[in-house]
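Across the two complexes that follow, chain A remains constant while its partner is chain B and subsequently chain C.
Showing the complex of A and B:
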C-alpha cells in the first residue's frame, strides 16, 4: 500500500505516539514540530518526573523519541510550521515553513497533536501577584527547580521552610472564561509536593484546594501517599489574595472546612496553573478549517465513544489539543487517532 | 501569546523579569454585545458615549477597552458623600469647573438603595432595577452621560445590568415601573465611576498643579465595589503594579508627583462591609483601624491615605477617632482622590475640600502641601460669619 504520509502536527507525547503507531502499522508519517526539539511540554518546560509513576521525564520521553527516530517511515521536521493547506485529503497540499524555507507537501490524513499551553497567572481573577512577587511561582517553575534537584525561594536562593500550592489557577473560573477542570493539576501538585518533601524533609508543604480531583489510581499512588507518607497538609478553601509583608508572601483565603478566614505567611507560593487551548491548536484549526468547541479546543464530533474524529473526514486530533488531558489520555488518544487515520487511508486506497 | 515560562532547569525568573502579555485571550461573554442585542430587539435603548462626550479609552483587567466620557456628564451623587464628606463631591465639581468640563448636577436623582441591599435588609430586584433605570433615563433625557460618584451605586448598577441582561421577567417588571413614570428604558453602554474621570484627567490635573506634592507619601485603598465587584469594568494599567492591580487612584498620585507606598492589606476591605457598619459597627471600626490604618502606619508610614469611595473615606477616617477611646491613636489623614487632586490644583482646603469635616487632624498634611491652614481657616470663618449674619445667603463658587 502506498499513500501520501499522515501529517502529524506537534512533536509532543501525543504526536510522537501517533508517529510511532503509524510507523508500526506501515504508514509513512511526517511529523511537524514548531520548536527545535521533540518531546513537547515534558521537555520544553522541562518537567522533572512524570505523573504518577515519577519516572524521569527526559528518560521516558527519550525512549519515545528514539523509537520514532529509528523508524524509516517517520520523517521528522523540527523548527517547522504549517502555514497553509489547499485541496482535499488524501491529496491535500500543505505548505511547510522551516529552517530551509517553504515547501509544499502532499498528505493523506492529518492528526493534530498541538497540545495545550499553561494558563498565564497574570490573567487570574484572584489577586495572586505572580508578576509582583519573586516567591509566587507556577507549577512549571517548581518543576524546573525539581529538575535541577534544588528548590529555593527565588527571592533569597535559600530553601523554603513553608511552601504551599494554590489549586485551580485559571481553571473552573467563569469570570475569566475558563469553564473547565484541567484534570492534571491536582495530581501534579501532589507529585511535586512529594518531590519537595523528599528534597527538603523539614519544609512544611500545604495544598489549598477547592476539591482534589484524583482520577483512578492517582488517589492512592500520589494523593494518599502525599498525605500519609510525606505529611503534606491539604486545606480545603481557595486562596483569594497574595500580598507581601516584610520578606514573606502572605496568602489570604477561606478555610471552608473550618468556616473561617485564613491568613498565612509562606516562603514560596506555587500557583497550579491549568491548561488552555494552545495558540498552535487555534492556528491549525484556522488553516484546516476545523471548528473549535465552545471552550476553544479542537472539536471532536462523536462523543465519548470516539474522542479523536473531527467534523472533516481524514482529520483527527489527540491529546490536549481537544481538551485537558493527562499523559495516559494523550497516548491513548494518539493510538486511536492513528487507527482512524489508517482506516481512512485504507478506504481511500482500496475504495472500500 | 507565548508560554509564561519556557527554559532550562533551575530557579525561575525574578518578578521584575516576568513580562505579562494578555494577548488576545478574552472572556467568552461580553455584556455590551448582549446589551446591543436587546436594543436591536427593541427592548431598551443603549445610551452611547459619543464624540460630544470627549471620550478616552482605558485598559481593563481582562483586556477590553473601557470608554470614559470627559465632557457633558450627569453626576449621580452619593448619599453618604453629601452627608458626611461634603468636600468630596464639591471637589469633584470644582475640578470640572476648573478644567472647564461641562456637567449636570441634577436635583432629581434617586438614591440607589444599594447600601441596604448589600446589608441584606431591603428591597427586591425589580425595585432595585427600576431605581437604577430611572436615574439612567433621567440622564438620557437631560442629554448628559451618567457618571457615578458612589462606589456602592457603581457596583450595584453593574449587578443590576447582569440581572437585566439575563432575566426577561425582570426586564418586563422594570419596564412596567418605568412606563408608569413615563420614562424610557435606557442603559448606558458603560457604567462609569467618577474616579475613572479623574484617572483619565490626571495629566491635565498635573499640568494645572500649583502645589508641590513631591514630599508626600500616600497609601491607596481601592474600593471593593470598584475593583472586586464586576471586576471586568475596573481600570488597569500595565505601567502600574504590572497590570495586576487596579490603577485607579494610584495613577493620579504618581501623576501629581507624590509617592505611592504599598502595604500588605492593600486588597482588604476598609471595614465598612455594608452589613457590618450597620449591625456590627465595632467590627468595622476594629477592622479599619487594626487591619488597615495600623498596617499602613507600620509598613509604609504614609502622610495620607487616599481612596475613592464614600464608605471607605468615612470608615477609614472616623474609625480612627473611635479607636482613640482604646488608646490607639494612629492619625493618618484620609481623603478622596478628588480632594487630593483639587488641593494639588489650588482648591481652598476648607471652602472647597472641607477638610474640617474629617476626623483626623489634616494640618500636618496641609503644611507638607505648602498650605497656610491658619490663613485658610480665617478665610473660612469670615465667610461663615457673613452667612450667619445674613450678609451672604450661601457659599457660591465665586467665593471660593
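Showing the complex of A and C:
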C-alpha cells in the first residue's frame, strides 16, 4: 500500500509487536528506539524470565526481534529520538536525531510505545534506605542477579539466608504523588520469589504486602505456586521503616493480619518499585501535542471501550505509555493500535 | 479484498469491536450472536454503568452497535449459533442455525468472542444461602436494580439500611474448582457500592474481601473514591457462613485485620460472583477443534507475548473467552485478534 510509514516510537514489547503486526498487514513501519538495543525493559533491565510463564526473557524477546528484523517492511532505527514534528497526518514531517545526524521523514500514523520508568526509591523519601544500605535493592536489581543465576547480599557477596520483598514502593502512595497501583509488581515479586527459592532453597523468602493483586491465572499459576511449592511466606503488613542493625537490615512495621508490630532482620530487602510515566512519554506527548491524563501518562479517550486512541486522529498509544500495564496488556494494545492505525491510513487512501 | 468473511462468534464488547475493526480494515465480517440482541453482558445483564468510568452502559454500547450496524462490510446474525464446521481456513464451511433455519457459509478466519458466564452461587455449595434467602443476591441482580435506579430489599421492597458485598464467590476457591481470580469483581463491587451510596446516602455499605484487586487507575479512581467520598467500608475478612436471624441476613466470618470473629446483620447481601468459562466457549472449542487450557477457557499459545492466537492458524480468541478479562482487556484483545486475522488472510491472498 502506498502510504507513508507508520511511526512506532519505542522498541520494547509493545513497539516490536506493533511493528510486526503492521508489517503483517502490508504497511511500512519505522521503529525509532532511543537506546542502542531493541527489546525494551525485558532486555534493558534485564529480566531473567517473563511473568507469568517464566520463559527466558532473552529467548522470548529474540523471537519478536527476529521476526521484525526479517520483515522488509520494517525499518529499525536504534539510538534515535524524535526531536520535532510538523504538519498533519498522514503527511506529518518528523525530525529524527540518530547516530548519523538529523533527518526529516514523512509518516502516515503514529503509535507511541514509550513505556514506563521505575520509581526511584531514593527520591523524595529516605524511608526505604535504598541509597544508604547496600543490601536494600529493587525488583530490577534482583532480576539482574537472577539473570546471572547468582543471588547474593551485595555487602558480602554471600547468598542471603533471609530475604524479603516490600510491595507498593512508589505505588498507592498519596504522599509521593503516585496514587495508582502499578499492577505488575505483585506478580513480578512472586515470580522472583519462586526463582530465588529455586536457586537458594534454604533461603527464607518473605513478601510484605497490602493486597496481593494476583488477578486472573496469576492467582494459581504463580501466587499459590510460590506459597505451596516454594514456601514463600506472605505477610500482610505496612512497612514503616527500614534501618540497619549490625550487618542486617531491619524491617519495622505492622503485621495487619496478626494485628501486632513486626520487626524482622533481613540479609537482603527487595523494594518492589512501581511504574511511573516515562520521560519518553512526556517528551513525545509534548512534541506531538497530545494531552497527558491526570497521573501523567498519555491520555486515551472514550473510556474502557477504547484503549489506544489518543485525542488526535491517527495518533495511538500502547502499553505502559498509557498507564500501568503487564506484558499481555502491552501486546494486546499494540495489536489494537496497529488495527486502528491501519484503519486510519486506509481511510485516507480509499477516502472511506 | 476478495476473501471469505472473518467469522466473529459472539456479539458482546469483544465481538463488536472485532467486527468494527475488521470492517475498518476492509475485510468482510460475519458476526454470529446466539441471543436475540447485540451488546453481550453489559446489555444482557444489564449493567447500569461501565467500570471504571461509569458511563451509562447502554449509551456506551449503543455507540459500538451503531458503528457496526452502519458498516456495509459487517453482516450481523442474532439468534444464531454455529453448529458445525468442515474443511480448512480460509475456505472453512461453517453451518449456522438461525431463526430462518440452517445455512452453510464459507469463512476465511475465525475470532471467538464467546465471553464468560457467572458462577452460580447455589451450585455445589449451600454456604451462601443464595437459593434460600431472598435478600442474598448477586452482582448481576444489583446491576439490574441500579439500572432501574431502585435498590431494595427483595423480601420487603424497602430500601436497605445495611448492605454488604462478599467478594470471591466462586473465585480463588479450590474446593469449588475455580482456582483463578476473576479479576473484575473487586472493581465492579466498588463501582456498584458507589452507585448504591449515590442513590441511598444513608445506607451503610460494606465490602468483605481477601485482597482488593484494584489494579492500575482503579486504585484511586474507584477504590479511594468509594472510601473517601462515599464512606464505603472495606473489611478484610473471610466469610464462612451466611444465615438468617429474624428478617435479617447474618454474615459470620473472621475480620482478619482485627484478628477477631465477626458477626453482622445485613438487610441485603450481594455475592460478588466470579467468571467461569462459558458454554459457548466450550461448544465452539469442540466444533473448531481448539484445546481448552487447564481452567477450561480457550487456550492461547506463546505465553504473554501472544494473547489471542490459538493453537490453530487463523483461529483467534479475545476477551473473557480466554480467561478473566475486564472491558479494556476485551477491547484490546479484539483489536489484536483483528490485526492477526487480517494478517492471516492477507498471507493467503498475496501468498506472503
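The working rule: the second predicted complex is superposed on the first by the 349 of 352 C-alpha atoms of A that agree within 3 Å, B and C clash if a C-alpha of one lies under 4 Å from a C-alpha of the other, contacts with A are read in each partner's own complex, and residues count from 1 in each chain.
Definition applied: contacts are C-beta pairs under 8 Å (C-beta built on N, C-alpha and C of every residue); 3 or more make two chains touch, one makes a residue touch a chain.
Please read all numbers here as calculations on a predicted model, not as lab measurements.
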Check the residue A:245 against both partner chains and state whether it touches chain B (first), chain C (second), both, or neither.
-> first
Which of the two partners, first being chain B and second being chain C, lies in contact with A:256: first, second, both, or neither?
-> second
Using the touch definition from the top, say if A:289 reaches chain B (first), chain C (second), both or neither.
-> neither
In the superposed model, does chain B or chain C contact more residues of chain A?
-> C
Of the partners chain B and chain C, which touch A:177 in the superposed model: first, second, both, neither?
-> first
Which of the two partners, first being chain B and second being chain C, lies in contact with A:87: first, second, both, or neither?
-> neither
Does the superposition put A:123 against chain B (first), chain C (second), both, or neither?
-> first
A:138 contacts which: chain B (first), chain C (second), both, neither?
-> first
Overlap of chain B and chain C contacts on chain A, residues none
Within the complex, chain A is touched by chain C residues 13, 17, 21, 24-26, 50-53, 55, 60-61, 63-64, 172, 179-183, 211-220, 224, 236, 256-259, 295, 303-308, 323-329, 331-340, 342-343, 346-347, 350, 352
Listed in rising order, chain A residues that touch chain B in their complex are 44-46, 48, 117-118, 120-123, 125, 127, 129-134, 136-138, 140-141, 144-145, 147-148, 150, 152, 154-155, 157, 175-177, 241, 243-245, 250, 252, 273, 276, 279, 294
Once bound in the complex, which stretches of chain B touch chain A?
-> 1, 3-15, 18, 20-23, 25-29, 62, 231-232, 241-245, 262, 264-267, 299
